[in-house]
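In what follows, chain A forms one complex with chain B and a second complex with chain C.
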Partner chain A sequence: MNKKKTLGLSVYIIFLLLPIYWLLMMSFKDNSEILGGLSFWPDTFTFDNYMTIFTDPTWYTGYLNSIYYVALNMIITLTVALPAAYAFSRYNFMGDKHLFFWLLTNRMSPPAVFLLPFFQLYSSVGLFDTHIGVALAHCLFNVPLAVWILEGFMSGVPREIDETAYIDGYTFPKFFVKIFLPLIRSGIGVTAFFIFMFSWVELLLARTLTSVDAKPIAAVMTRTVSASGIDWGVLAAAGVLTILPGVVVIWFVRNHVAKGFALGRV
Partner chain B sequence: MKKTKSNKAWFLVLPVFILVAFSAIVPLMTVVNYSIQDIFGATRYFVGVEWYREILNDSRLQDSLVRQFVFSGSVLLIEVPLGIAVALMMPKAGKWSVVTLLVLALPLLVPLNVVGTIWQIFGRADIGLFGWGLNALGMDYNYAANPMDAWFTVLLMDVWHWTSLIALLCYSGLRAIPDAYYQAASIDRASNWAVFRYIQLPKLKSVLLIGILLRFMDSFMIYTEPFVLTGGGPGNSTTFLSQALTKMAVGQFDIGPAGAFSIIYFLIILLVSWLFYTAMTHGDSK
Partner chain C sequence: MLDNKKSVFKLGRLSVALLIAGCSSMVMADKFSDAAQNWVGSEFTPSTLTEKQQMNEMSWFTEAAKPYRGMEINVASETLTTHEYESKTLAKAFFEITGIKVNHDLIQEGDVVEKLQTQMQSGINIYDAYVNDSDLIGTHFRYGKVVPISDFIAGEGKAVTNPDLDLQDFIGLDFTTGPDGKVYQLPDQQFANLYWFRADWFADEDLKKRFKAEYGYELGVPVNWSAYEDIAEFFTVKVKEIDGERVYGHMDYGKKDPSLGWRFTDSWLSMAGAGDKGLPNGLPVDEWGIRVEGCNPVGSSVSRGGATNGPAAVYATAKYVEWLDKYAPPEAPGMTFGEAGPVPAQGAIAQQIFWYTAFTADMTKPGPVVNEDGTPKWRMAPSPLGPYWEEGMKVGYQDTGAWTFLKSTPVDRRKAAWLYAQFVVSKSVSLKKTIVGLTPIRESDLNSQEMTDLAPKLGGLVEFYRSDAREQWTPTGTNVPDYPKLAQLWWQYVSEAASGEKTAQQAMDGLAAAQDKVMERLERANAQGECGPKLNPEKDPQYWLSQPGAPKAKLPNEKPQGKTIAYKDLIAG
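Right, the complex of A and B next:
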């Protein structure tokens, strides 16, 4: 039984890793070798593709832009979603159920639907091509999700804790920051992971709302398509580099994610 | 859990409300506005529901709608069972559980266009392992020329990218089941299937709700991956709704019909998600 499980899992993990391995190998090859045929290992190992990216400002600022707006989005989303999730998990108030479902409907709105009006709205209020603009736009799908997940974690914390804190003379903000947030720390870790993930991989809105100053790396990648064809090596190297920040994030939240997944009200 | 009744809680929700209203209500109103007008330079004519009629009768759009439903249905039918299976196979504790968690999370963090790029290469018969492998097995696989192959590749790409999401959520659900349940089951000599059916599956319900809704919504909005992989072709085989819409709005600048299309598109997602939501939360009325 256990052997079967390990085997099944190994097969699945190989399936997950093979395409990534392929990308990684390609990033160390030059273009003639990539297009030359099938090979599992680079004949001539080269770092040229990576050098191109690290020396060309249009490339590396793309990364900085992406990291910047994703971080902004995480901060904004958590700041507004935490109190809201608390309200949904602890109180009945006028229109709470409708509001909750309305929030969810925003997670359902296809970015393609909002492209034109977003472009117009953000241009007219001066948010076009700014990091904060993209961060705000990504709130459209991240805030509802964050409220949704956090509400689950908060409902798992017994109400008695809130009441005891009030009896002990804590004010709401003090209780929230000092007692409540540490209790759901793992839940916040998991939520942060989801926020990062969805904002990091999104391209359509990020590309439409930026032109030069805040252009994300994913949009810069389309640059490699030139008259002479696609520069596959550089494209692969850029692809590998887009995965790295994610790896760093998982590494940092790994304990929270493992624990948070175990503690949530599920 | 019993909740306190208090309208002051609105103050806690207000920031979310303002923020989301700014990025949702204003643009949505604009789209509605487009959808009932004919925009002709600076002049606008009110045309009522004419665009809606046109869109609903457009056979190309009907085709992409059917394609979209088949795609999202396939995505759910493959990813949900596979994700549950992977979650059940994951080690329960120790070093290896952290390693598998990290590896599973890896595809989730690959930007959508990079996913397309990876599979674009990986699927090529001359230089990609996957395409080469299928051809070596005697299949005539070429995603750039054969509509079925292109479709299959987009589906596989989605399974590769997102099954981990279901698996991670289910893993969390399984971790939350107290050991006592399993002990009781083993005293009763319950079969593995019975343990799954009567203990694990019911406990997974709420995470599965999140997983299924997210996968449905996102697969229904898929745009970047097929765009990068095949550009919607060959023919129209991988032109899903978002792509058809983007072509109409940005490519041809038919803002009126595109507005009507958007509203219909949005309503479909809303309706189906609501059906899932109601069906899955039915019975546990709190």
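Right, the complex of A and C next:
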């Protein structure tokens, strides 16, 4: 039974990892080999595809742009969502439940419907093709999700801790930063991870709201498709490099992800 | 006295200031001319101009760019070797020679059109210039959002127009000219779709004998679709293997994907002979099957006088489906344009009726289809013609990526972008650019000694562009009133035929009706002024089929005797 389980699990993991392995191998091949036939290992191992990305400013600035606006988005979203989630977790006010649910429904709208309003608004106030512009656009989807996840984690912290802190003479800001935030730090990590995930892979808004200065890496990747074919090698290398930041972020929150999927509820 | 002293002092200060200004401008001038000298000496060679003429042209650019020095402009184009060269090398040279920084952004072709459309519709400046296919000429001249460059040269842009631009030297100028006679775009790169074949296999005595025995005529460059079909069958079904490798007589692609539309909107119907006579695109019915009266599109269904669902178009579609199914490699129907394009270079394809010369650079790299001395085993030749084709019609497609300027771009930025556009097509740099990207735009470059020297390695590219035949290869013309809206219909309907869901007739009927519907909407919205669509009322199709010209009635015999020509006779002729 145990052997069967191990075998099943191994097959499943191989199945999951195969596309990533294939992507990695493609990134070390040249285009003629990629298109030439089936090979599990590069015949001629090459770093040229990676060199293209690291030496061409339009490629590596794509990564820098994406990292920049994703980081901005994480900061803005957490700054807004932390107090909001605290309010939902600790206070009762008229319509709070409805408002809380309405927040989540924001995620139901496809980003495409916001393209034109955002484009016009941003162009008229000078936010078009700026990092902050993309970060703000992503907040539309990230803030509600962050509030939901954080609220779950915050509700898991007993109210008595708030009250004890006040009795001990803590002001609210001091209590919030010194006592409360450390208690939910794994929740903050998980929230940051989800925000990162959305913002990093989102293409539609990021592509439409930028042209040159804040162009995301996902949009730069589209340049590998041209009238003279597809540059598979460079596309694969860019894909590998795009996965890496995600791997790093997952490493840091690996112990909390399951809790995050339950929106913090334990 | 005191006043005198003061004025002497002032005068002194002034002269010092002038001296400093003079010196610094001299230093600046030296900086720019030094840069020009460097670029001319190292990169911009060969050129059809002498070094002195090149330096004169460069100093004109330095001088004309003075008011825009320090400006940073953004331009967009699709990803092609030619544009990569512009983006990486020429933009840098332009900056050093003029002081204007250019961000030459390379994006997917679809994205270029999307950004262009967004700017046209919103009036918000996204890019200061676009390299956009001249296929949109009908769109540009109708919507009035594009600055005709001929107006610009005569008016606002006079001071920033290179006196040595030599517009008449551009081989693609007809394609960027509207029916009003105005030039709307400046050609930047061109490539055509031609017939491609393995000259080494076609010259093989054993294969020649077998073909003759089987079909009764010589194996050679097919002149008509019957011969193409016979050769496709010969290699896929009869020969099957060469040197132990499976070979195929045809290559194409058929995945339900937007790129499927290109092979159709890029003249597949005109190759079969669906449109009317008259270059560049056929009048009154063009290769899309759209009829125009005056400057107004009046319909694409046969019932309105169009030819999109006429017998010739249906024949063309049916042959596409049949050949893909019978003679192409089994993976071809699942491929997109980008995936199928490099396949002939892998060495298992005998011929391809519809091959873009944009692949020439990749096809000349060492590999299965290139000899050890660097000469190709393959050749390109004029495409074979379908049974409906008549003398005087266009033969194939030629893409002309051309600089496009929108009215919504602020004038100063437009002028700076115009300078850059002229720089990358100037005679000082264009021959080198042609050699790098193999997408020629100037007659003078094509006739240069350097191109003669290069010709043996390019498999017929130079010969094609030097011949009169190139006039018969044209992009989408002015009959198409809104290219982005209409082009996206094609792949959806054609794929219904490719997948076998519908017959070729049903698919083309659907397409013609959908095109008419879009044009009807444009007419109702009155968005395109006096040259917008004005649809004909529907009539019995027989009425139109019995008139001369397109739409043409069904031929009793759609498979005439196959005809081929030896490649050497073709070149000689």
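The rule is short, and it goes like this: the second predicted complex is superposed on the first by the 246 of 266 C-alpha atoms of A that agree within 3 Å, B and C clash if a C-alpha of one lies under 4 Å from a C-alpha of the other, contacts with A are read in each partner's own complex, and residues count from 1 in each chain.
Everything below uses one rule, namely that a contact is a pair of C-beta atoms (placed from the backbone, for glycine too) under 8 Å apart; a residue touches a chain by one contact, two chains touch by 3 or more.
Not measured: the values here are computed from a predicted model.
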item	value
Touching partner for A:T58 - first (chain B), second (chain C), both, neither	second
Which superposed partner A:I167 touches (first chain B, second chain C, both, neither)	neither
Touched partner set for A:P110, first chain B, second chain C, both or neither	first
Chain B versus chain C as contact partner of A:F128, first or second or both or neither	second
First, second, both or neither for A:N31, with chain B first and chain C second	second
Touched partner set for A:S211, first chain B, second chain C, both or neither	second
Touching partner for A:Y12 - first (chain B), second (chain C), both, neither	first
Larger contact residue set on chain A - chain B or chain C	B
Chain B and chain C footprints on chain A, overlapping residues	35-36, 120, 222
Chain A residues within the chain C interface of the complex	31-32, 35-36, 56, 58, 119-120, 123, 128, 207-208, 211-212, 215, 219, 222-230
In the complex with chain A, residue positions of chain B that touch it	1-10, 12-13, 15-17, 19-20, 22-24, 26-28, 30-31, 34, 85-86, 88-90, 97-98, 100-115, 117-119, 121-122, 126-130, 132, 160, 164, 168, 171-173, 175-176, 192, 203-204, 206-207, 210, 214, 217, 220-221, 223-224, 241-243, 245-246, 249-250, 255, 258, 262-263, 265-266, 269-270, 273, 277
Chain C residues within the chain A interface of the complex	74, 76, 78-81, 87-88, 103, 105-109, 111, 115, 118, 122, 124, 126-127, 191, 338-339, 341-343, 345-346, 356, 358-359, 361-362, 365, 367, 399
Chain B-touching residues of chain A, taken from the complex the two chains share	1, 5-6, 8-9, 12-13, 15-20, 22-23, 26, 34-38, 40, 76, 79-81, 83-84, 86-94, 96, 99, 103-118, 120-121, 136-137, 139-140, 143-145, 147-149, 152, 155, 159, 190, 193, 196-197, 200-204, 217-218, 221-222, 232, 235-236, 238-239, 242-243, 245-247, 249-251, 254, 257-258, 260-266
